[in-house]
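Only one structure is covered here, and it is reproduced in the block below.
Every chain is named by a letter (A, B, C and D) in the order it is written, and numbering of its residues begins at 1.
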Amino acid sequence: MLKVAVVGATGYTGIEIVKILLDHPGVEIVSLTAKVDSPISLGAEFPELAGRIDLEVDNLQVEKVCSLADFVFLALPHTVSMRFAPAFLAAGKKVVDLSADYRFRDAAVFSRWYETPHLDPAGAAEAVYGLPEIYRDPIVKARLIANPGCYPTGTILGVYPALKEGLVDGERIIVDAKTGVTGAGRKPSLAFLFPEVNGNFRAYSLGAHKHTPEMEVILAEAAGRKTMVEFAPHLLPVNRGILGTIYLDLLREVSEEEIGRIYRSYWGKEPFVDLCPPGRLPQLREVVGTNVCRIGLKVNPRTRRLLVVTAIDNLLKGAAGQAVQNMNLMSGFAEDSGLPKLGRVGG
Amino acid sequence: MLKVAVVGATGYTGIEIVKILLDHPGVEIVSLTAKVDSPISLGAEFPELAGRIDLEVDNLQVEKVCSLADFVFLALPHTVSMRFAPAFLAAGKKVVDLSADYRFRDAAVFSRWYETPHLDPAGAAEAVYGLPEIYRDPIVKARLIANPGCYPTGTILGVYPALKEGLVDGERIIVDAKTGVTGAGRKPSLAFLFPEVNGNFRAYSLGAHKHTPEMEVILAEAAGRKTMVEFAPHLLPVNRGILGTIYLDLLREVSEEEIGRIYRSYWGKEPFVDLCPPGRLPQLREVVGTNVCRIGLKVNPRTRRLLVVTAIDNLLKGAAGQAVQNMNLMSGFAEDSGLPKLGRVGG
Amino acid sequence: MLKVAVVGATGYTGIEIVKILLDHPGVEIVSLTAKVDSPISLGAEFPELAGRIDLEVDNLQVEKVCSLADFVFLALPHTVSMRFAPAFLAAGKKVVDLSADYRFRDAAVFSRWYETPHLDPAGAAEAVYGLPEIYRDPIVKARLIANPGCYPTGTILGVYPALKEGLVDGERIIVDAKTGVTGAGRKPSLAFLFPEVNGNFRAYSLGAHKHTPEMEVILAEAAGRKTMVEFAPHLLPVNRGILGTIYLDLLREVSEEEIGRIYRSYWGKEPFVDLCPPGRLPQLREVVGTNVCRIGLKVNPRTRRLLVVTAIDNLLKGAAGQAVQNMNLMSGFAEDSGLPKLGRVGG
Amino acid sequence: MLKVAVVGATGYTGIEIVKILLDHPGVEIVSLTAKVDSPISLGAEFPELAGRIDLEVDNLQVEKVCSLADFVFLALPHTVSMRFAPAFLAAGKKVVDLSADYRFRDAAVFSRWYETPHLDPAGAAEAVYGLPEIYRDPIVKARLIANPGCYPTGTILGVYPALKEGLVDGERIIVDAKTGVTGAGRKPSLAFLFPEVNGNFRAYSLGAHKHTPEMEVILAEAAGRKTMVEFAPHLLPVNRGILGTIYLDLLREVSEEEIGRIYRSYWGKEPFVDLCPPGRLPQLREVVGTNVCRIGLKVNPRTRRLLVVTAIDNLLKGAAGQAVQNMNLMSGFAEDSGLPKLGRVGG
């Protein structure tokens, strides 16, 4: 059994990792930490877990975690992970970091968009971007994974085949994305109170969201093309899920059939990418509660554009699920071990 | 024009008073206060009000408010109102207090349930309970109104006729009530984050909610009967509205027709109480956005019970709307001036 | 592998059975039927199932189903199941019927409340009420199971221990229950359109809901006490889940500790009943997506009542999950095989 | 008092017209029609209107309506209005048609997109497009108004100033719009059941929505520029409101300040267009329940685009409210008579 620690266990992402691991046949959770005033029982905070897991949640002590665990998930805020990751690596642990800290090989890009110096440029240079559909081989060998952002995951999977094949203009990508509220985290807040969100819908961070360079850098590197992304995120009155509508300028005439064949040649065998049948588009509820990214394709010959719609569960394929998918690859488990493919939309 | 101050203007209740008063033909808002770090523009916080009202919102200074306003709404937390109300009264202002501080003539009852000494027992003894359907005459003459709690408003209007007529057992009243989330106030919070409430439903404060003695005392006093209320509040995933299902033991056989006649004799001419036609029950959406309390009646001859369902908008008839209804009575306006009777369910 | 047919596969309950069975290690789905104009692909209607199951859905032909399957789930409307169940039994199949048709041993009770003659009184007399927590032994040996109604499941589990022990008055039971909208079924409708339900809340069928006699008859039979239930169902703006608040008159003084001990002695070892720790009550989101019934207990010494709050997922423990739990018992599988205990609240 | 008929009174749009008119000081509703089996009471269908209006709703008989009313709202499905409008005009009535039938001066464009011959090309040529902010003068003199579509209203108000001033490329307009569910109408349906929409989000009709040519034709005509619109509508889990995010390619460098000045020069004095202050974007809840269109502007110098976000209530400024705004102009009332500017988000 792989001994696993979850650092940052009481956020929406951390608790989702815990839930997945509880159903994982090859894993034992040995350590849970979070910023707490005094140690708490996980079951007191999340009553549905009472009786399922007995660990106390205490503040992070790196040495203690190192003495217990062989594999560490860092579900920490941006700029906090890089303060702790080096110590875990130095102690020989494998790490999946769910923050943005290690997503840019070039620490200067991180510094520019996150407006803070990078504390571990060597780690940034070493880390592998944890999108298995593109970087599976290096992930298998990695000791430090930068788990992708929620928005970039859906966007990159939706754009990459068309971009790589030279079908669309990489410098005119428009991503209009809509996320559920768990994307904003689990902390006291006025802006995300129920009455502020329910019955409401809004755009935010137009032209300024920090996931923009992540999309641009990874797509450019992976596809070998210049990129420029107009990224417009919006907040949906739902708990979970991201649906992105992506507008791509076609560089040549192409039929939906041909586009479909191309995407199938890229993603057809992927366990966690589903392509909609021709004429269908994905809906949020088809992916909520699953680790699946669903993609639908529409060619508009009138405007000479390819429209791509992608849907993921922001907490699963967009965070915790993908993190476990990476753990599975790094640790020799079946890639889909413990990961749900069918959901049950609640609400 | 009546010069009005709203103390506590940025909560859900305070802003609702402001919105009503902006449509009121006889009122001028002259002062808005709230706990703020520095003065803010109301339109910056509530953009839909920008251009409609230019007042700054600053911290409460009693003397300044007294120099500007003749009528004061106190939309403050419990135990805070009683620190300020006496000064406004002493300055000759009329006051509608929306907290619980003045709802109990007997300050000892307040102290017992709210677990704090009362700072103004004389005010408590003087204040009139602001439920116009029962206390209209004293309200007209009052200078200090204790605006009723949201839950008691619907409950008292639903129970009073049957209790007063001796049809039901006052000591076996059960009130199963369900409220929208604005009832919890507008302040940073983990428990009322969208993902904690959406798709969820829960009971809270069973047997311990502070509105229990308010229902018991007012019903007992008004109907001249002994009372005991089992009150079970629940949290609905909606923004606004309270629906209460009330279980009453019948003391004698009675038909729905007779009950209907009795309730019409009490509420038939009330501008803000609507009785459902026979066989119909109220729905939340029929009252959301209005100052109306709707009441439906069902006799179950098998169990010998009268079931009463009442619905109000917790921010209107349950708070701000009723407060303005009281202001109208106290100031010689038409009782329904500025108060909406038709809503538009958003969401 | 057990060969299973789902009759009525495209309703909310039928599709839920399919989803559970797809994750069940000992089952093969061999037949899906529904009322269709012409055969349809399940994946066309439910795209998230495309690629997971290849069966066509066609109209029910009993002989064809009998030639393929050994175990049959009937997810049909009330009064329809009893037209087909006898033929499946005669062919030697085991049957779990999710309608109300076989829930009353005495077919006359069924006829009175459902206002139609019973077509299979012998089947009604033979069928076992499929609540494993009370009827596990007869279920194991049964060939025809009447799967309990969604409301009765939560109510009976919440009331039975106190009633059986003689702690509460069985003739004064009040059940105020609130259900998600999937309880109304998956068919074109005006009353259950999104804008008619969202932001709304309402009571319905007060004193007249057909689950009332089911609660009364089963509780009376199981506990050996006279019963009378005041049952008031309500419609919540959520997809899934039922939360019931149950009011019971205590016949003697009892502490919460003692009540807790009693309930633990009944349900402590049940795989799908969770008792909340003292002072806690269940929330809907703790059970949505699971086959678990959670129960919270509150004694109000002031009113001498025991309040019981129970929560289930209406499609799982309230229907499809319980049906599979029964199949597991009838077929020698582990009782919890394929059944989820941890959910992910969507919405 | 203007005598008004509402043809199609029981849909979401029709009932909204009725609610507005009930608060309108210069109007008397004299006739309500809808497709009904037999005459119904409006208050039986919409209980909150019981006691507010006594008219029966019966099937449309043109002559009867003509004998009662001087002004007619046609809230009918597309292709139905043009069967009746000529008769009302011939009888000397003024008509606001809320369908698409008269929105295209060139009936051939209508025929192409709506795939049916136009029955009244002369009416189409005469009708005035009822967007007061652009066509106020001809509206005042018109006898037949084509009330704009919900999506085009927000889009045209958001794009027109920039396009007219030659700041942006009219042939590369992208409109990513999101609507509430009332936009789908009030009729029995599977796709719009609560559990199918709640917790869900989806795109539909990509590249094929019939509002596309309406945006293109009106913008081209009004701004005197060539246009091509990529229009992607989506379905939000909210009752009301449309938020559109519009991507425009800038033809020259321009600052947000300059753009703001330009938009203010167009819309600064409009009673129902609100421009957000610099740095702010509109939210749905700011317009739900109002006849206001709110517009926010964002220049992205990195991508050389102007992003425009517009928000309206689809039933008010997007349909019924704008229809009454047109009636006010055609009938000599104050333009804002009866029309709400402040909402109360329910939900």
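By definition in this document, contacts are C-beta pairs under 8 Å (C-beta built on N, C-alpha and C of every residue); 3 or more make two chains touch, one makes a residue touch a chain.
Since this is a predicted model, take the numbers as computed values, not measurements.
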With respect to inter-chain C-beta contacts, which pair, A-C or B-C, contains the greater number?
B-C
Where the centre means the average of the CA atoms, what chain is farthest from chain A?
B
Rounded to a whole Å, what is the gap between the Cα centroids of chain B and chain C?
39
Report, in whole Å, the distance between the mean C-alpha point of chain A and the mean C-alpha point of chain C.
37
Touching at least two other chains at once: which residues of chain C meet that condition?
180, 195, 198-199, 237-241, 282-283, 285, 288, 345-347
Which residues of chain C touch chain D in the complex?
12, 180-182, 186-190, 192-199, 237-240, 346-347
In the complex, chain C residues that touch chain B:
174, 176, 178, 195, 198-204, 206-207, 228, 230, 232, 234, 236-241, 243, 245, 247, 281-285, 288, 296, 298, 300, 302-303, 305, 307, 309, 345-347
Per the contact definition, I'd like the list of chain B residues that touch chain D in the complex.
16, 19, 22-23, 47-52, 199, 238-241, 274, 276-277, 280, 282-283, 285-290, 292, 294, 315, 341-347
